[in-house]
Structure formats: structure tokens, C-alpha cells
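Working notes, structure below.
For reference, chains read A, B, C and D in written order, and residue numbers begin at 1 within each chain.
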């Protein structure tokens, strides 16, 4: 066990197992808005549930919360307690611009910040096989690496501050594009009498394949199981962040922007943000009068 | 060497190696519009270059030509010579409706037809690792299987007559969607200082990955090599066929239709149909003022 | 009263008043699928309700039916009875390609055909102030003019055979575009606290005004009266015809095609084709959580 | 001549004639970044060219500059000199959110602000027939009215602070939508042999007509005169502001957003922001291989 102390804030679906992996190797202080969860984590993983300001004792602080505003609020709350030289690793799927503002504030206290959103879902986190895409300075990235290696199979330093959030947002936008476009194609094929499972088998051995066609559609849509692993509302939020990245870049992106509109419409039409992101297939099904089964 | 005789029409980039594989196992009659190519094929593979009407002697006839109209013309020319019971396997990336008409005409002569477009490109064909998605009757499919196994690693019977062409068209539309959407995302990221190679590394270990992000962008776009393996004009044509499939199905497909428009615009803007399909990345680069390198 | 005899088929919302205007000046034979309507028309306007084949006695035949397929069916039924030299004026909002086929068939009998769809709605038709856009030969157009002047305020010969239907389709697509785009703009403005009636007043004195913003939104949407004057399903059909025109032209039209998809989605979401075309505003309202009032 | 003193900043294409109309009725102080223009205005209209801070002596200050950032800069520069009770009328086609920030700053000095963008172009301004859509408090609006009546034919108070800019942005987005959609429709019609001038004549007597089809296309596009009256770059900027309005409202707007992307692409493709906004028709023409003549 290393003698370095880490602090972990946010014990949700992703944070819980990740903090668990960290606790195996490092002295891990944990905090969660619902504190009972922090106490439960301590009992299960041997971490230490502490008041928020005590997190500042850690040399490396991790945040894994829903949105950048939450991170900013936490930074403000901890600012008076932070020690210079602390490294702040943010696993929130956040907004580049807001993250840069938070980083500036932290820098005034000598705290270093890295945006480090994750991919691989809860399963990846539990199996210590997450992918993390990091934005920030090279020295901070190298310092973070041994910690990230505790639960990540793929660690990539993609660019300067905000680049991690940006790449994550674009990745999730591509997930959304494939979810939507494949649904469009599949309902048309099913309407024409094509067997969807076999169509997917062909596509997945062809040039149009994607993680969506290989790993989401056959196991969740064709089977009609639609497990709830990633909320539609969160993916819609990521599409909004991607739009902000594109807006800041000033580059044309008609398809990504269009898909963002469709997911916003889908949220309204389905009537809930809590359904799984694959529910958009069911919206296309409803508009087409067929089921992809 | 089987005693079955096959006939192969169309010795282009895909047909040449495929007919070569067939010639190793079957007595193969070949014909090509530019007859010299048929003669060259005979010299290299031991096939037999014959006048068009002699192709009708084969028990199984293959067509591998650019468009369904070509197949229809060939069917009309061969009609007086065809024997009942002949199987016609069409490897053209064709149009379902036109193919059904051709199949009806052939059926009047007792000839069975399967639409069996391929994926995997020239490399796949050369290595006998193509994917073939077949539409038509089950009995005809089973009859075709041993021949297809000569050069296909993946053989899928996706549905009734026309279903093969339909699945191929949707597959290629998904290839196009990913090419376009990934280009949109990448130019925005590069504009914001993100390293494109590293961004792709992250995406390819994340939920938004696709064959395009894994096998096309790193080796062709980031390297700037842009090899010419699949003409933009052909992919634009496939998007048109996909639109016809959607039109016939009567299902909504705003994204697939939009991407079709963009590829048509891209053809115009780039000024050529002969450039490689990855050239659309260069169009987004021009519209954005950056290069994905 | 002229001594020329005209025949009028289709006494729906548009046909009824138009045939009535014709009956004031010409001996008018009428036929309708529900024959009782033809008899009622005769009683009200002094026209003559006759069996279908008797319509062929007229020198000028008018069709005012829902779709081109109906016109084609009628042409086939009347073909054995038609006299050479008859002029067929088609007020259906039809499909250019199918109309050209029908015209060819009629030409074999020496019957001249003009596609002459109308704009101006039922009110325009009742007040003899319709607009008619005509496709076909100049000589036929000139021959038709005196008849059209009976109920049209604006008569334009827009081009060769099919051009009338094409212009009508594009016109109705522009109506649809404005309905949709203005709804998008208005819900955003209302969400931000802007008074919709006053916003429309400003827009209608500005460069972004249209027939939709001037004559549809204030009187139907802001008032919430939504009178049913033109079915959503018919406008969606016209958008389909416009798409066919664009497809035949081979020109890019991303916005017109996109709006066509949205109207198809709107039909599904609203759950009826019979609601008024302005109902799309209510769909945007539902997606936005506000009302344009 | 009223004894009220007004100050006018920004003597560009719109400001020059408007300040001229004001000068006929009020003592008008003028300032322009290129001061020689202010001096020329004084010579022509009897206004008084003064240093910037002297503008603060006016009871009513007008700004007519390209973007909201310019207005904000001017407000900061004048802040130390402004008297409480001054009314600031902003004719810039601005951004609602930034304007609200500027208004807050001015309010600290007791200065009242109205966003009051104009429509009607240079011709409208010269002929004192502009349309002005105003956002802000009712009392301020009533106080502004007699001044606006000097050069406006249509004065509408559309909502609270920012509403004027928002309505202007939506109006200009609708102008852009009609410019683009009509171009799409017209190139398809011309490709099919339809006479564009006659098609427009029909459309302009039909339900799909707009200010664009009535007043821009016949006189500028069909004639090929393409006079430069409103830069493409400015209209693209307005579409960006409209996007911000939609973003702030959180309502779906797939068509308005798509048109914004196309205008951004058009700027790149045409290679200049300075061409007239109707140049987008020429881009559709290039993509279609026809001219709308």
C-alpha cells in the first residue's frame, strides 16, 4: 500500500467501484453528498469517510460527479482548505470552458487540475478497465498516471486543459450518432422484411460497423431487453457539451448538431430523461410502425 | 476441382480476384466488357474467356458490375441462351427494386436470382475474406453457399429478394455517416488544440468507436496518405440506393437522408467522383481551416 | 352562355365551387365518385350529373381529385370513349412523372393534357380568385385560358408538361418550411418572454415575413383557433412530391428534404393526417413546453 | 425643432440617414470612430460632431454599431460621464444576453436601456420607413416613441429587455431560411425546364410566398444583378445570435440551426463575408449546375 493519500468525491455508479480500486492501493478518504454512502464505502473497501474539508488533506483529489457546476461548487467549498501542490483529477464528463474556469480558481491556490472523463461504463469501472482521456499539463498527467492505472486499461493524454472533456463529448456524440443512424437504417430494413439480427451480423462484418452495432443493438435492442445502463438524459447532456465544443471551435458540424436536436426531441417525446439511451431506437420504431426484433 | 461450371461477368477490382478464387475450384468461364481482361484472367488463373452467350452454359452465373442497370442489360442479352435451373448470383451493390424486376425476368426462364453484394473491399476479396449479405430464397442461398465459401469469410442470408442490396446500402450509409460525423468532431477538436492521433486513440477505446475511427482515420487521414480504395462517387451512389430503400419502406430517416445530401454536395465541391471516399474529411477541413494531422 | 361543353370530375372542397363557376358560363357535365354529390351540384348550379363515360362528350375535361393515381385511373376508364382534340385540364396537386405517363396515354387518343394545380385554398376557389400554375404546350395553355379565367385571378404557364405540378409541389414545400421554421422561432421567443402577437407584428413589417407569418400565424395559431382548412396529410404528401421533383432534378436540397422528414414525423406524433397543417406548431409547442399565445 | 438633445453614435450605412432624420427635429450630437464622418454629417445635416464623452450630455443616446461588444465598449467609455435619467436606445442587431449585461451596467448609473434593432435596410432608413422592434420597460418605450417616429414607419414593443434583439435575430433567421429553401426549390425547377421568373410569379400568388420570393428573387437573382445591400457575413452573424436565443430558450430548432450551419459553410465556400446575402443562391446554383435565370 502506497503512503500517498487520495481523496475521492462522488460515490455514484462510476465513483463507487473506482474509489474501491484506489482504496486497495492508497489511503483513500471518501466523501459523498449522501454521507451514508461514504460510510458504506468505508465499510466495504477500507476507505475513510471524512467531512468534505478533510478531503483537502489528500495529495490527489478525485471528483466523479454529474456536471461541471458540481465540480465548481466543490472547488469553491474546498478552496480555503487546499494545500499548494495538490493534484485535482476530475472524472466528470464536463464542460471544457467551465472546467478551465474552475482550474484557474484552483491554480490560485497552487492546485493543479486535469480533466479526465471516462468511458467504458459501470462494467468497465468495476473491472478496472476504464478508458480515461486526459486534458492538462504533461507533468500533471505523468503524476496522475500511477493512480489512473489502478482502474484504467487505456490512459491517453489528448491535449491541453479541457481537451479531455472535449474528446469525451465528441466520443459520446459519435455514440449518439450511431445509435440514431443505425435505428433509422434498421427500421427501414425491418419494414422491408429483412431479419434484423442477420442484418446486424452482416453489418458487423462490414465497413459500417460500430460499437453500437456490435455491442449495443444485438444484445439490447434485438433482444428487447433494453437494460438501463446510461441515461438518455446524460447522453443528451453530453451532446450539448459537444455542441459547445463545436461552437467554441467555430467549425461547421451540421450532423452532430442535428443529432443533438433529435436527442432533445427524444427526451420530450419519450417523456423521461431516465430511460436508457438505447430508447431512441424505440422512438424511431414508433415513428415507423415496426419493431427491430 | 469440382465438375460444376460457373460463369463470371465483370473482372473489375473486386471481380478479378473473386473469379480467381472460383477458378481454383471450379471450371470458370469469364467475360468482361473489355475482353482483353477476360483473356488476361484466363492466362493468370486458368479460367476460360468466352463470348457472352457462352456464359449461359454455366450452372451458376456471377455478376460483379457497377450498377443494377448493367445487370439488367446482361440479363436481357443472355435471356435467349439461359437454361432453366441456372442460379444467378449478383455481387453488384445494386438497387433492390430494379433487382427484383431483373429477377422476375430471369424467373420466366426458370433462372433463380440472389442479390449478394459484398463488403470488405479489394483487400478482402483478394484474401478470400469478403462478407456477403444475401437476399432471396433459402434453397437458392444454400445452393450458393459452397461457391461463396470460396472467397467469403462471412456469409449471411439476410432476407427475401432485394434484402442483400438493402443491407449493403444501409451498411454503406453507416460508413458514410461515420466518415462525416467523425470528420466534424475531429476538426472541432483539432481547432481546440487536441492531438488528433491521441483523440482517436481515446475514442477507439470508448463507446463512440467505429470501423471508420479504428481503421480508416488513423491510417489514412491522420497520416495524410488518403489512398484511393473506394471512390467517393460509388459511396454517394450507395447513399442514393439507401435513400430508395428508406423511401420504399416509408420510414423517417432524417440523418441518413441528410448525409446523402452532404456527400452529393461533397462530390460537387471536391469536383470529382474519383477521389477516395475519405476525401470528405478534407472538405470538412477546408470548411474549418484546419487539418486533421 | 358559351356553347362549349365541359366535363368536371371531382366535386370535393375545391372542385365543387370551381365547377360551380364553370357552370355559370359553360354547359357543365359533372361526375363524382359519390354520385349523390354530382346530383346535388346539378341542383345547385345547373350543371348536369352524368355517368362517367358521358364526361367524354365534353371538349374540355377537368379533374380535381386527391392524387395522380386517381387521375390515371380515370384516364384509363375514359380512354375508350374520348374524342381526339379533347383538352384535359388536371387540377390535382399531382406528381410530374406520373402525370407525364398519363399524358402519354391520353395523347395516343389525341387528347391534350395540361397539369394545372391550384393555390388559394377553398376560399380562393369560392371567390373565383385561385392561382393556377400550368405545365404543358403553349397552344393547349392558350386554349385553356378562357376556362381558367372563370375562377382564377392568376394564371401562369410555368413550363413544359409536369412543370405545373412541380411548381405547386415546391410552393407547398415552402409553405411547410415557413410553418415549421416560424414555429421553431416563435416557441423560442415565447420561452424568453416575448409577446408572440407583437413579435409577429414586427416580423411582418420586416425581411423575414411570409404568407405564413402574415396570414396563418396571427389568425390561427396565436388565437388558438386552428381552423381545419388544409389537412396535414395532404401537405405531407405535397412534400413527398417535392422530394420526387428534387430527386428527378438530381440537385441538393438538404433543407426541403429535412422538412419533409419532420412533417412525416409530425403526422406520426400527432397521430392523425386529418388535422390542419398548422398543427405542426402544436408539435413544436409540445416539444418546447410553451404555447404560442 | 424640439429642445431635447440627442446623441448618435455610429454613422454607417444605417446610422447616417437615421441621424439625419433626427437632426431635422432635435439638436443632434454625433460621433463616429472615423471622426471625419461625424464632421461630414454635421455639414450635411446640421448635427454637431463632438468628442465621445460629450455625447453623454444628450438626454437620449442612440447606438447604431455592428455588434453588441461595440455597444458594451462604448457604454464603458461613457459610464463616468453619463447622467442619471438618460435613455439609451440601441439600434445594433445585438445579442440579448450581452445587451442585458450592458443594460445592468448602465442601470448602475441610472441610465435606461432599450434594445431596438431595425429592419427595412438602408432604403427603409433613408425613407424614414424602418421597422423597429423594441425590448425593455414600457415607460422607456413610450419615452422613446417620439424619437423613433422620426424615421420608423412601424414601431413595436415586443417584450422585456433583450426581446428586441431576439425578435430581430429570429426575423433574420427566417430571411435566411427562405433564401436558402427557395434557392433549393428553384434550382430543382430550373433543372427540370421550368421558367424561373414564371415559377416565382406563380409562387408569389400562392401560399409559399415570402418577402424573399416577392422582393429579392425576381429583382436580384433572376435578373442576375445581385446588388450588394446586406453582407452575407452579417446575416450569418444574425443566425448565430438566433442560435444563442434558441440555446437560452432550450427549445428544439433543427431547421433554424441547420440553416445557420449552411450559411457558415456558404461563407467558407464563397470565400468572402462581404458578398451580398443573396449569394447563397449562387452556391446552390454551383452545386446544381444550373443558374436561376
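Here is the rule we use: a contact is a pair of C-beta atoms (placed from the backbone, for glycine too) under 8 Å apart; a residue touches a chain by one contact, two chains touch by 3 or more.
Just so you know, these numbers come straight off a predicted model, no measurement behind them.
Student: Out of B-C and B-D, which chain pair has the most contact pairs?
Tutor: B-C
Student: Please name the chain that ends up farthest from chain C once chain centres are defined by their CA atoms averaged.
Tutor: Between chain C and every other chain, the largest centroid distance is to A.
Student: Could you tell me the distance, in whole angstrom, between the mean C-alpha positions of chain C and chain D?
Tutor: Taking the mean C-alpha position of each chain, the two centres sit 37 Å apart.
Student: Please tell me the distance, in whole Å, between the geometric centres of chain B and chain D computed from their C-alpha atoms.
Tutor: For chain B versus chain D, the centre distance works out to 52 Å.
Student: Averaging over Cα atoms per chain, report the distance between chain B and chain C in Å.
Tutor: Between these chains, centre-to-centre, one finds 42 Å.
Student: Can you list the chain B residues in contact with two or more other chains?
Tutor: In chain B, the residues touching two or more other chains are 252-254, 258, 262, 264-265, 268, 287.
Student: Could you pull out which chain A residues touch chain D in their complex?
Tutor: 252-254, 257-258, 261-262, 264-265, 268
Student: Give every residue of chain D touching chain B within the complex, in rising order.
Tutor: 254, 264-265, 268-269, 286-287, 289
Student: In their shared complex, at which residues does chain A touch chain B?
Tutor: That would be residues 96, 119-121, 131, 133, 153-154, 156-160, 162-163, 166-168, 170-175, 177-178, 180-182, 184-189, 191-195, 198-199, 201-203, 205-213, 242, 245-246, 248-256, 258-259, 262, 284, 287-290 of chain A.
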